[in-house]
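Common to both upcoming complexes is chain A, partnered first by chain B, then by chain C.
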Partner chain A sequence: MDATNPAPAVKMLGISKRFGRVRANDSIDFTVSRGTLHAIIGENGSGKSTLMRILYGSLRPDRGRIEIDGQRVSFHSPKDAIGLGVGMASQQPSIIPELSCIENLLLGAGGPFLLQRDAAIAKASADAKRLGFEFEWTRSAGESGPAGMQKLEILRQLWRGARLLILDEPTVLLSPLDTEALFRNLKSYVEEGNTVILVTHRLRDVVDFCTHATVLRGGKKVSDLIVSETSLDQMSSLIVGETAAPASATVGSPGDALLSLKDFHALQEDGRIAATVEQLTVRSGEIVGIAGVDGNGQRPFLESLLGVRRHKGSLVLAGTDIGRWSVRERIAGGVTLIPEVVQTEGLVLDWPLLDNALIGNQWRKEFRRSGLIDRRSKIGYAGRMAARMRAKVRSVEEPAQNLSGGNQQRFAVGRALEMKPRVCLGLQPTRGLDVSGAATFYEEVASLCGEGACAILVSNELDELLERCHRVLVMFAGRLLEVPESKSKDRHAIGRMMVGLDP
Partner chain B sequence: MTLDWMDIGGATLRLGGPLCLAAMAGLISERSGVINIGLEGKMLAAAAGTSFVSAMTGNPLLGIAVGIASAVLFALLHAISVIVFRIDHVVSGMAINAVSFGITGYLAKLLTARGADQDFDSIPQPVFILFAIAAPLLIAWALRSTNWGLRLTAVGHSGAKSREAGVDPVKVRWNAQLWVGVLAGISGAMLVSQPEQFGVGMTAGRGFIALAALIFGGWRPIPTALAAFSFGFFDALQLRLQGEKVAGVEWPSQMWAALPYLLTLIALAGFLMKSRQPAALGKE
Partner chain C sequence: MIRVTLAIAAALGVLAALLALAGVPLRDVAVSFVEGTTGWIPDRGEFVGWQPVSEVLRRATPLLLTGLAVQIALQAGSFNIGAEGQLRVGGLVAAWACLSLGLTGPLGIVVATILGAAAGLLWAAPAAWIRAFRGGHEVISTIMLNYVAVFATEFVVSGPMQERPGGEPTTAVIPEAASLSAITFGGGFVLYPALLVGIGLAILARLWLNRTPPGFEHRLVGANPSAAAYAGVKTKWVSLRALLLSGAVAGVAGALHLLGQERRYSIGFSPGYGFDSLGVALLAGGHPLGVLPAALLFAAIEQGAVRAQVAIGLPKEISFVIQGLLLLLVAYVRWRRRSTL
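Here is the complex of A and B:
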């Protein structure tokens, strides 16, 4: 790409792509000027990821033409796109957790026959610094957790010299500090004549950082916007096609204590302490939000509540100590966990939704008839799960991998809610959900809690937590911290606590 | 009872060599995500090809070349079935074993019926032994230090993600199968270089013992090679123990003959739980 070339960085004309009977993209025209940060916004399943994967060469369009810098191109695989300086950091990172961080960068980057690790680490460290990231290069990427892999995915594109960077939901896993650093650095990146396309549900990021935005709905382009000439309200109404109802804050007041923890320690496999909660009481009807930078113990904490991880200390549910209960007994007792990465931890992607519906419920009486699993009861159940979070599902017989990322999330969340838990635990439960999906989720949780349940939700979306939860706690360095009463709604104070400073 | 340990050491190298080479073939295949249960068939084809052509032409190098070519042919057949037609890897491997057993057995019978001389003069064994020791070292180096090795490992963990990273998993797997053929071919040629005559079904499960060594070695070249040579050692030991009195009793020879297989079984049962196999193995 030549910075003086007057042609737009990207011009996509009449792009159409079908999956079975679904038109994922329906003659979309999409143009991005060089040196801009251009957002693509739209609901789950509106065709954003499909369009971007076509631009990156990992999907081939049924119809339409693509021009990069005024040159017509035809990509057979991502390799062709990479060769023209197109890079894409995908929503489900293509980082291979078993390889080391540096090997993930080296993979597919061409280079000489012999790997030059040391030189690569030097170069990668410099690039990482530009984005404000840090890595342990020779350790396996999986050890750096989902957020680390997401950062590595973004870094990989820069490392390969991408001049057109596609970021698909880059910040869902990142802490507010990382996100801010990332966007600050992306600004200087586009000022150098590069281009960024940002696929996102966070309209706040669009308003704060992007210059242009394109809205998709139902596989069609609805509008091209200049961000400085539009508003949050206008964007959100274009996304859903009508003016969205204002988000309602949580209602109802909590009742009696339902879940109590005292001197509670979630343990690692080797017996060391991964997270500590000195004292926590969650009352019936209460939604508790946990804010924190990824990797500060949120995950082991919730996992130990479900029992997939051991703990020390007292864990009392409705007057009964459930500390010695097995996972199955806890699920039967009403504890449920929405996993952090639904695609790997919540769904078996090549199984039909029907069977996925049963995971965690397989022992329930209602699914059994004469000792066997009753297929018909499953169908209705899976359908209700999909409907609860309005996942777009053609048939419950189709494999989970046929759904878009957002719809997979909706289905898995719907499954947890349909189990009618008494204690609903969520690790980034709205990850990858659009505004209306997230709203539906919180309304469903509120209605569960209205019936006497409680919820503990871990999220990076601090604004969401502040708006939807009765109270927000902070997890830092493995400790659960109370926010002082006077600052309980102060996002800056909470932000400081998240990095270990005084509120 | 006295055992000649120098002799057993030599026999260990001779018997462990084919196992080690076959295990390396399996390693390259499985590190690329392709299950290879057809090592046995490829070794057998290579042994037959080496033996028949060497005996016919009197040129052992030409024999080895044809032997390797036969193994490569079967390896590419496996590649076509699992990469192109996406047939179950185990089914394809079993089919290759059956076909190879049938064809080589038929050819051997045909040659015997014609009264053809099936003996041949092999190239010296130490050449094979050197190769069997060098191969795991070379492969260990290549996996750690070359782009080829990185791509192979990446594809074995996830073909789809490798593709997103700009690697063509199909190409990598085809390339891997080519090497599988070459290594299994040399393994078969080495196997037949000791009796210097092909025997029907002479691999006698060695392809599977090689797979056991691979699992035992955790899909890493050096530990896999050590496991293969350990099996070779027990094979050598049992040959020497047959007919010997141990603890004052002359045990039935079948019991000793079963020893390497028994140890394989125990090793697998004990270690399979801790195995760290490539994530995409047999799935793509």
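Here is the complex of A and C:
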């Protein structure tokens, strides 16, 4: 790409792509000027990823033409796209967790660094700095967690010399701090004459950082917007096709103590303490939010409540000490956990949805008929799961990988809700969901709680927690902290606690 | 299914090209394969009897049972390369049960088979335990146990259980009353009861895997161990159980091969069924019942190659080439399907 070329960086004309009966993209025209940060927004399943995969050469369009810098192109694979400086960090990163961070960058990149690790690390650190990231290069990528792998995936595009960078929902896995840093640095990246296409449903990021936005709905392009001339309201109504209904606040007030923890420590494999809760009582009907920067112990805490991780201390559910119960017994007793990354921890992507419906439910009698698992009850259950979260599912026979990323999330979340838990635990349960999906989730949780359940939800979205939970706690450096009554709704004060500035 | 058929067709195409390059008359090869496996002689339009078909079924029997064993482990994400060793100890223990315990009759056959299964299970146990609780890879440990099995059984049949001191390294032949004899029908069709056991076990395995909670957990551990852990599955125990079950089925394969076909344990007891079974299980893909056509195909290829050697002097080792091509192409189409987004 040549910075003086007056042609637009990307021009896609009349792009159509069908999957079976679904028109994922329907004659979409899409233009991006060089040196801009251009957002693509739309609901889960509106065709954003499909359009970007076509631009990146990993999908072939049924119809339409693509021009890069005024040159007509026809990509047969991402390799062709990479050759023209197009890079895409996809929604499901292709990082290999067993390899070290630096090896993941070198992999498939060729170049002179194959044997010179130190030189490679020096260059990689410089590239990472451009994005505001830091890595421990020689540790395995898996150790850096989902967020680390996502950052690595983005960095890999720069490493390969991308001048048009496509980011498909990059912030879904990133913490707010990383997101901030990334966007600030992307601004200077585009000022150097590069171009960024950002697929997102976080409208705040669009307003704060992007110059242009394109709205998709149901596979069609609805509108091209200049961000400075539009508003959050206008964008969200274009996305859903009508003015979004105002979110209803949490209802009901909590009852008796349901879950009580005392001197509770979640442990690591080697027996060291990963998270500590001195005292916590969650009452029936109560939704407790846990705010905090990723990696401060939220995950080990919820995992030890489910029992996939050991703990010390007392854990009492409705008067019974469940500390010694196995995971299976706790699930049967009404504890359920929405995992952090449903694609890798909650679903089997190449299994049909109806088998995915059985995961975690495999011992429930309602699925069996004369002792054997019965197909019809799986079908019924899978349908109800999807309906709960309004996941767009054509047939419960199709594999989970046919759903868009957001619909996979909806489906997995729907399964947890359909289990009718007494204790609903969520690790970033609304990650990857659009505004209406998140709203549906909280309404469903509220209605479970109305029937006597309780919920403990971990999220990076502080506003969402403040709006939807009865109270918000903060997890910092492995400790669960109460927010003083006077500051319980104070965004700023909670933000300071999250980074350890206030006690 | 269509893709696998295409892969098989492509394998045949490549094979034809190779044979043609080597100057082998293709038509004669094809004719001898058809004659050797179906008993139908295309040139004369004549059916010579059921013997070739029976022979294919006989060859398919140990492949079916060991293929099923490997497949069961595969479903839970483990590679049991040790079927060969488990089959051998299963066979030897069944021989010992008949010769030393004097088991006979239907009950004796059942007991000898169960003892064979137990032997296979125990032979897989170290690998299963190392895999589940020590993190050692089962491929390495099961391969090692194969060597141990081959040499340990060889020692037993050249010493403690040898038929005649100083004679051939083999046990005595088990009595007629202890063996699971083949049934001969009119037209020369011979049925080996062990084949029916294999088919029955494959159906049972399918039912267990697809329709029962423990079977579902077994598959879930193979497909996504983290999701399994969150779903309350004790993944380590399931991995352990998977390799033990696999070993037991391979032990059954050995016992039935002994009771039904070999009737004595010699060092040539298995020409490598345990290794061919890896190919059978891979060809079957993720389907427990897929081992049936896969075992038949492998057996037919071997049988056809034997016939081609007799008829036109083509080395029967050509069967390895065909099986290898087949696996490569099937692996390729399966991999392609995964990788396309």
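Descriptive notes on the structure:
Definition applied: the second predicted complex is superposed on the first by the 499 of 503 C-alpha atoms of A that agree within 3 Å, B and C clash if a C-alpha of one lies under 4 Å from a C-alpha of the other, contacts with A are read in each partner's own complex, and residues count from 1 in each chain.
Basically, contacts are C-beta pairs under 8 Å (C-beta built on N, C-alpha and C of every residue); 3 or more make two chains touch, one makes a residue touch a chain.
Predicted model, so just to flag it, every value in this text is computed and none were measured.
With the two structures aligned on chain A, chain B clashes with chain C. In the superposed model, A:W363 makes contact with chain C only, not with chain B.
In the superposition on chain A, A:S58 makes contact with both chain B and chain C. Residue contacts after overlaying the shared chain place A:S77 against chain B, while chain C stays out of touching range. Contact with neither chain B nor chain C is seen for A:I226 once the two complexes are overlaid on the shared chain.
When the two structures are aligned on the shared chain, A:V308 is found in touch with chain C, with no touch to chain B. In the superposition on chain A, A:A126 makes contact with neither chain B nor chain C. Of the two partner chains, neither chain B nor chain C is touched by A:L501.
Of the two partner chains placed by superposition, only chain C is touched by A:R328; chain B is not. Contacts of A:W351 after superposition on the shared chain: chain C is touched, whereas chain B is not.
Taking the listed stretches 95-103, 131-139 or 257-265 of chain C in turn, the superposition on chain A shows a clash with chain B for 131-139 alone. Put simply, chain A uses residues 58 to touch chain B in one complex and chain C in the other. If you check the complex, the residues on chain A that touch chain B are 58, 77-79, 82, 90, 94-99, 103-104, 106-109, 111-115, 156.
Those residues of chain A whose C-beta lies close enough to touch chain C in the complex are 53, 58-59, 306, 308, 326-328, 330-331, 337, 339, 344-348, 350-351, 355, 358-360, 362-363, 368, 371-373.
By the touch criterion stated above, chain C contacts chain A in their complex at residues 207, 210-213, 216-217, 220, 223-224, 226-234, 338, 341. Against chain A, the residues of chain B that register as touching in their complex are 145-151, 153-154, 157-158, 160-168, 279.
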